Structure formats: C-alpha cells, structure tokens
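Next up: some structures, all given as structure tokens.
Okay, so chain A shows up in both of these, paired with chain B first and chain C after.
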Partner chain A sequence: MYKHRFVTLIAILTLLFIFLPLVLIIVTSFNSANTISLPLQGFSLQWFTKVFKSRALVQSFKNSFLLAFTASLVGIVIGLVASLALVKRPGRLSKALLSLFLSPSLIPGIVIGYVLFLFLVVKVQLPLRTALILGHLLVVLPYCVRIITASLKELDESLEEAARTLGCPPVKAFVVIVLPNLKPAMTSAFMLSFINSFNNIPVSMYLKGPGMNTLPYAMMNHIEYNYDPTVSALSVMLMGMTLLFMVLLDRSMTRGQAKGVKGE
Partner chain B sequence: MSMQYGALSHIDVSYDKKHLILQDLNLEFNKGELLSLLGPSGCGKTTTLRVIAGLIETNTGTFTLDGVDMTHIPVHKRDFGLVFQSYALFPHLTVFDNIAFGLKQRKCSTQETVEKVKSMMEICGISGYEKRFPKQLSGGQRQRVALARALVIEPKLLLLDEPLSNLDAQLRVQMRSTIKRIQQELGITTVFVTHDQEECFSISDRVAIMDKGRIEQCDTPQVIYANPACEMIARFVGFKNFFPISTAERIGLSVPQERMNALLWCIRPEKIDLVDLQSAMCIGTVEVRTYLGESYQYEVKTELGTMIVASSLHPPKAVGEQVGLNIAPEHVVFLDR
Partner chain C sequence: MKLQHYVLAVGPSLLLAGVCLLIPLLATIIPTFFTPSFSLSSYIDFFSDSFFRTIFYRSLRLSLLTTLITIIIGLPTSYYISLRKEKTRRLLLSLIMFPLLTNAVVRGFAWISILGRNGIINQFFLSLGIIDEPLKLLYTDFAIVIGSVYLFLPVMISTLTSVMVGIGEEVLEASYSLGCSPSKTFFKIIIPLSFSGLLIASVLVFSGTISAYTTPTLLGGNQNMMLASLLYQQSNTLSNWSTSAVIAFIMIVVSMGVMKLFNLLAGKVDRRGEKDV
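Here is the complex of A and B:
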C-alpha cells in the first residue's frame, strides 16, 4: 500500500470532480425553484411528474429504449457468430477480420453518423427507424465482438469435444455446453451495448428525423427551451436505471461463483 | 493368449496436406490391456489418440475395433471414454451432472443414472462431492471426476491424454496406481498417452514408442528397457553412452556375428564399472562429477570420447583423477539406427 497525504488529497479531489456534478443534479431535481439553480428553495417532486407529462420525453425514451434493445440483441447474435468464426479458425484472415469488427470503435461517431446518413438515408432511403438501428448496431458491435471473443478464447476447446465423446451430437454440444459458459459474457456485452446505444448522440444526430427522436436529443431540446429541473429529474431516473443495470450485470457475471459458494 | 481387439492400419494424418503428422501408422491393441503411447512432444501420440477417439479425420487408413470398421463413425457414436489433459470438466455443471452427462445422452432413467454415477464415484474415490462445482475441487479430485465421467458410460475403450501431467509429483504417483487399479478392476482396454517414461513403464502392459509420426517400437516395458530398437528409444530409457560400432574392437568388445550390421553400441551409465588401471578395458580422466544422492555421476574423457559413468564407489573419484573403466559385455546393446 502506498500512503501519502498528497496522494490522498488527489484521490479526494478526483472523487469530488466525478461526483459533485451528479450530486448537484440530484439535489436540483428535488428543488421547487423553476430554474436549475442553487440555493434550494424547497422540496418538491413536481419535476419528476413533469417528466411523465412531457410527450416528447416519454416518446423519445421509448424510442431510445427500443432502439438500444434491438441493436444490442442483434449485436449479440452477430457478435456470437462472428466470434465463433474468428476464434475457431485462427489465422491471418481472422486477425484482419477482428480489427475490421472493432474498427467502428476507432472511427469518430460523428463520421459514422454522417456516412450512414449519406448512404442509408439519402441514397438507399431506408426508414429512419431502420437506419437508426443499423447505425447503433455499428456502435455496439465492437463491444459484442470483443467481449464474446475474449470469453470464447478463455473457454477450453476440449469442453465441446468432451461432450461429443460422451455421446452428444455437435450442435447439441454447442447448445448445452458452450452456450451456457458464454452466458456471462453475452449478458455483459448486452448491458454495455445497451448503455452505449442509449447514450449515443453523434450517430443518432444524423439519423434521427421528424417523429423519430432519441432521448439524449429530446433532453437537449427541452433544455434549450425550458431551463427547468425536469431534465435533472429525468437524469436522476436514468442514473437509477444505469445503476440497476450495473447491479444486474455484476450479478450475472458472478453468478457462477455465487452458485459455487452455495455448494461449499 | 490375448487376442487382437482393435487396430489402426496404414493411418496417414496431415493438417495442411504438406506435412504428415502420422505416416503409415500401424498399431494393434488387445482386449483388456493398458497400452501406452510414449514419445517426445510433437511425435504424434496425442494425434493418434484423437484419431482413435474420432476427433481427427484420417487421410488414409482404417481403424477397426472388435471387427467393426470405425473409421468413419462420428465421435458421439463411438462409445469411447476420453480423459483430456485439461480434464475438460463442464464448469457450469456440478460433479454429479458432469458424471451423469454421458448417461443423459443415452436416455438412462433417473434411477439408473443415480445408481451408476454413485457407484462410479465410489470406485474413483470421490463420493460426497456430488454437489461441488469443478472450480471447487483440487487437481487430483478433478482428475478423478474426469475419469469417472469417462468410465460411467461403460466405454468400449478408455483413452487417456496425458492425464497426470497437471498434477504434482507425489499425486502423480498416487493417481497412476489408482488408474491402474481401476483399469484392472473394470478390465477395460485402455490407451494411455504420456511423455513420462517412468510413469509409462510403471503401469503399461505394452508401450508403443513414437517419434516423428511413426511407431518406433511396440513391446512390453521389460523388452524395451533391455533391448531398445534405436538410439532415440535407448536415450529415452536411460542409455547415455553411444559409440560407433568401429570403436568396439579398440576396447576389446566383441560384436556378435548376427549384429555385424549394427551402427552403434551403447551402455547405461550404471553398467560401466570404475576399476583399477591395470584391469581396465579403457582409461580416462574424470572431467565433471555430479552428486546424485545414491551415487556420483562422472563424465570421463577417454580415447573413445566422453563416457558417462554412474558409480557409488566410496571414496568417490576426484575431478582430474585417472580412472579405469570396465564395460560389462552382457549389458551392451547394439543398435541398427
């Protein structure tokens, strides 16, 4: 352990830097004042009810949720299939393909959004919803491929072979032996994908359109016209949701071990 | 007495169509015997095992078992038990479910499954661990679970792929006698892959020594130990002194008539005696002395080259000292290659 007063000070400052804005948002969301401001005037839950009264916010939340859910789900399926191919057939080609799969995470989102806008919306004229799903798929795919590939590499190849020697046909061996062992990876890939898609601004910026807005945009719009703590209240709820996700993620990651401890 | 049970004939295997991993491999095994495949890493022993298991396709050749051609029967229909080097226990299943896995594939009734699993766990000495997960077991226990899982399906063949290499030395000795005991109790024909000569010789009925994708010698451990077929095997079983056949005469060693075509003669370090200079067959100088506990190992420089001698002579010879060496002719082995 390295202990020093200076180090402790920096740690405290960093923590403040991270958490102070969050605390401010939480505090102002319960403030009865009409603007996002300090000092507090009184306790109120009105901004929370206001969130649900705003059609723009509720509708865009639904949009974002559905979008993130669909993109993550498709991302997981593609990620799984891609990872299987990449891990089971190692070679120069699969190395190149892996970098290709991971490349969207290296390209600025704003570029991806722009290119997809030109191609999917202007050229192919896809419906906005489909274009958004495809765009977000590009955002989440690197996470899915990376996490599932890593987990698949860790998995002992002989597991599947062992199942086969014990009388299990190949496809069934994959389903009953390999898949259950990939579940934690797939769950965490899903959660990470969901959060990233849900938070995404640059790709959505180009692909959203009339009647199809995402939550981050609706929030920015709202702030532009009403400087009230509704967005604070919404942010608090989003933080709550993310926290819940993180807890679920942690649970699913450690489930195997937890089960093990019970058997002890 | 024993009859041929299974046979690999003229097996060729290559992964890239250029290099043969196995070349024209022929191997037979008898019912109920424990046959070992022994050789350095990369010699093709694990590949041979995987061919038997059906996990590798052969280019040419056939594999028959009990008169049935198994060459193209898929893995899951072969009914062989395979214990992997990594054990390959299913991490998400309990010990019980791991062992019961094969029986479930065979649609055994629940009661039959429970009975068979319990009795196999008892044979393998892991009763009471039913509800544990593989992660919670020690290496030796995992090994036993893997063994039980392979045996509970009453396989026609038991295949063991370096099953002891992940255990510490003490456990390894204990486990190999456990394996031998279970193998004899169940009378199951077993093919055992290892690179450890001592381990292999101690439990095998017969040993097939492999090198570069071929079987160099296949015989009982006793025969191989006394009469290795080639230099590689001789080195493997502890011969350390190899000399061209032409040098035999120079130290008064006579080559038998039928071994006139041999290229080398060799002898174990412990079969060379340190004697006084007058009665010695050859004379040399001690260059290096290593303490082995029971004895000393000397590297002695002679006119034939360096000889490795193991001797418990007391007091030990010193480095630089002149010593006489006597080579017992009955322990000399002549090699054709």
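Here is the complex of A and C:
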C-alpha cells in the first residue's frame, strides 16, 4: 500500500464530514435536553415516545409507507413487462420508449409535481389520491426499468431457449427460468423504488390532500414550528429502516452474483 | 415477440409516462411560447425581472460551486477508498452511500442543528468566548452549499471510486516504478483516467443541486431562494401559473442542457482516448 498522507487526511475528514451530522442526530435523540445541544445532559427515551404520540407523524408515516409500497409494487410489475418487451424487440421504437420511461429521473422532481398538479388535478380533475399514486409511479418507473432491463440484457438467452427446445411452453419457461434469475434485480428495483418514493418531497408536496400528508413533508412542517429532538428520534428510526433495507439489498445482490457464478 | 404482445407489455408504462408526464409537460410549457401568437416574451419578462434574475444566477452559481467542491473533496477521498482492500472498500462505500438513502429532511435537519442560531457551532464558540453574538450561518448561501455538498458527495464518491477501481494496480505500479511521485501519479494518471466518471458525476451533482427543493428551502430560507423554491412559491402560494410554467421550462432546459453538454464533452474525451490507442 502506498502512503499518501494528504489523500488519507482528506479522506478521513470527508468521512467525518459525512458521519458527524448523523452521529449528532443519533446522540441528541437520546438526550434529555429540550433542544439539540451538547454537552449531553442525560439519557432519555422521551423523544421516541413523543414521535408515537404525534398523530400527524404516525398517520403520515402510515400514508408514506402504504404509498411507497403500492407504487413500488405496481412499478415493478409494469416495469417488468415493459422491460421484457424492450429487450426482446430491440430497435428504434424500443430505444425511444426506453428514454421516455427513464425521463422522469432526468426531469426535476418539482417540475413533475407541478405539471401533474396542473394537468391531472386542475384540468382533468382526478382525485388527489389517484394523482399522488400516479406521481409516485412516475418517480419509481425509471429505477424499475433501468435495473430490470440491465439484468435482462445480461441474462443468458440460451437458458430460455433450452427450456423451450425441451418442450417447455413459453409462459412456463418464463416463470421457471427467467423470473428466478431476475429476482435479485427485482429486489433491488423494489428497494430503490421504495426508498425513493418514501423520501420523495417535491411530487407529494403538490399532490397531498387534506388528511394524506406524507412523512417527509410532515417532518418539514414539524421542523418549522418546533425545534426539539422529536425529529431526531424519528430520524434515528428512519435510519434504522434504511440500514435494514441496505442489508437486505446487499444480501440480494451478493446472492445474485453467487447465482451468476454458478450459472457459468 | 408479436407486435400485439409488445404493445400490451409496454402499454401501461407508456400510458403512465405519456399521459401522466409527457402530455402534462407539453400542455404546461407550450402555452408559455404563445402570448397569444408565438413569442419569447414570457422568457424575456422573466429575465428582465431583477428578483427572478438574482434567483436564477444564484441557482447556477451555487450549483456550480457545489459541483466544484464535491470534485475537490471527492477525488482524493475516492482515490483513498479505491486503494483499500475489497472488504474495506465495500464497507466504506456502503457507509458513504448510507446518507444518500436517508431522507433529505433528516440531512437538512442535521445541518440546521449544527449551523442554526442556537446550533452546535454557535454554542461552541459562545461557550469559548470567541464570539459574543451568534453567527448567522443558517439561511445563507453558505448553508445551501454545505447542505448540497453533503447531499451529493456520496454520488460523486461512489461514481469516482468505481471508475478508479477499474484503473488497476498495474498502472499505478508502472507509474511508481518509472519514478513518478504519489502526487504526480494522482494528477497525471488517476485524474485523467477517471475523467469520464468525473464528468458523469458532475452532471448528476449539478443537475441534482439545481433542481433540489428540500435542502435549499430548509437551509436557505425565504431570503436565499433557488429555482425550485421559487417555482413552488409562484405556483402554490401565489397561483401565478404563467410564471411557474416559465420557471419549470427553464429548470428543464438548464438540467437537461448541462447533461447534453457534458455528454458531448464525454464523447470527445472518449474519442480522444481511442485515437491515443
């Protein structure tokens, strides 16, 4: 290993820069003081109980969870069938459609929220709830399509062909051969979709109606009026959720790789 | 695959992206060019308003600054990570990616607690007696840049690291054995070879910063608006639909324009590489 004192120094400072703010939140969420402050005064779980006592936060958590779950699930299904079509029938049309499906990730989220609100809610007069789900579907579609098409392209076509020559009907070949091989990709797509939908603010901001606030926006409102460690405590719980997702994601990816090796 | 199956399969996504995004987008933006006959006057009006112009230039300036800072911090850090053994590298990368998966509100809140009037920095300096009054750190351009760097540094580092890992140790060995110092190797070998990754990451950071809403709103406040908060203010608070549509189109043009520009640049760099070979 070569010694680069300067590089090492910067790397350590960067890691501190990335982690100290998160550590600060974690530490102060267990602190008994009424504000985010150091030095610590004493251990307390009151901020965590406060999160559960806040109806706005609990309700918006449920809303966000359900919304992210629905959007990711539907996104995976429509993304999967679209990806299959795009990969099996390559050509100009498929290329154009692919960029259309990926485009929501290139357009600023706030613009998506705004035009959806203007068109779907004001002009077409869709109910807000439907518009919110459609908006979140748009948020997740690029992740689903990008990850699943990439995985499909890597998949060895001869596997499916072999099944077909051995007399397997197309649908069964798909379910038995293709689908299991896509599992890691679909898991990653689901996780990334869920995280992005769950954390989304700009789209939800325009399309949330009365009584269906999403969690990130509720947190933003909370910060505006209160400056206490309740949000820290909630953040710690969300970090825990993120960590769980990361571990699951990592597992599904490594299992996918292992399968790939075995396949060779 | 038969054509009708193809249509059936892409149908739902096409409906979603077409009817829920493309058509609303066009329906919003096309009218900005007709007042009532074709003209650019909405855009001329936007740029002749000094309030709007200030926000436009601030957004460009802060996004550019954020991109530069993430490059300066990201290059050495990624180099460091790329030189670790695979296990350490994976661990460091997941640690760095972790904030990216947490909510932008959480990250913004962390910086509010640090930079705020009663935040950690002010508490610290006040208790030491270095300052008598709290410094105004929050609700400044500085806070927006810190928050945005914090937001997008993981993107820069993960992209650069994966490119640098691909460079391979032989190249470094060659450079060292030919008498290049570590710093010279870094500037003459590592940076040029990771240039394409640097471009991609820069685009992501720049367009991400210029279209972000949460971070600039939490850390910049009402005094230091960026384009996204301006769009929200004009559309939601003031119901000023025509100006909002103009801002929306400007945001699309800027973020997509930068992407196209950098793609062209990246293409040139790649071709230059081919010629060298």
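What we mean here is this: the second predicted complex is superposed on the first by the 253 of 264 C-alpha atoms of A that agree within 3 Å, B and C clash if a C-alpha of one lies under 4 Å from a C-alpha of the other, contacts with A are read in each partner's own complex, and residues count from 1 in each chain.
Here is the rule we go by: contacts are C-beta pairs under 8 Å (C-beta built on N, C-alpha and C of every residue); 3 or more make two chains touch, one makes a residue touch a chain.
For clarity, every value in this text was computed on a predicted model and none was experimentally measured.
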item: First, second, both or neither for A:Gly211, with chain B first and chain C second; value: neither
item: Partner contacting more residues of chain A (chain B vs chain C); value: C
item: Partner chain in contact with A:Ser235 - chain B first, chain C second, else both or neither; value: second
item: Which superposed partner A:Phe101 touches (first chain B, second chain C, both, neither); value: second
item: First, second, both or neither for A:Leu166, with chain B first and chain C second; value: first
item: Touching partner for A:Ile177 - first (chain B), second (chain C), both, neither; value: first
item: Which superposed partner A:Ser158 touches (first chain B, second chain C, both, neither); value: first
item: Contacts of A:Ile25 with chain B and chain C, given as first, second, both or neither; value: second
item: Chain B/chain C common contact set on chain A; value: none
item: Complex interface listing, chain A residues touching chain C; value: 1-4, 6-8, 10-11, 14-15, 17-19, 21-22, 24-25, 28, 35-38, 78-79, 81-82, 84-86, 88-89, 97, 100-101, 103-104, 106-112, 114-120, 123, 134-135, 137-138, 141, 145, 195, 198-199, 201-202, 205-206, 215-216, 219-220, 223, 227, 231-232, 235, 238-239, 242-243, 245-246, 250
item: Residue numbers on chain C that touch chain A, as the complex places them; value: 1, 5-6, 8-10, 12-14, 16-18, 20-25, 27-28, 73-74, 76-77, 79-81, 83, 92, 94-99, 101-107, 109-114, 116, 118-120, 123-124, 150, 153-154, 157, 172, 176, 182-183, 186, 207, 210-211, 213-214, 217-218, 228, 231-232, 235-236, 241, 244, 248, 251-252, 255-256, 259
item: Touching residues on chain A, where the partner in the complex is chain B; value: 156, 158-159, 161-170, 173, 177, 180-181, 256-257, 259-260, 263-264
item: Contact footprint of chain A on chain B as seen in their complex; value: 53, 55, 74-82, 84-86, 88-92, 94, 101-102, 105-106, 131-133, 135-136, 149-150, 153
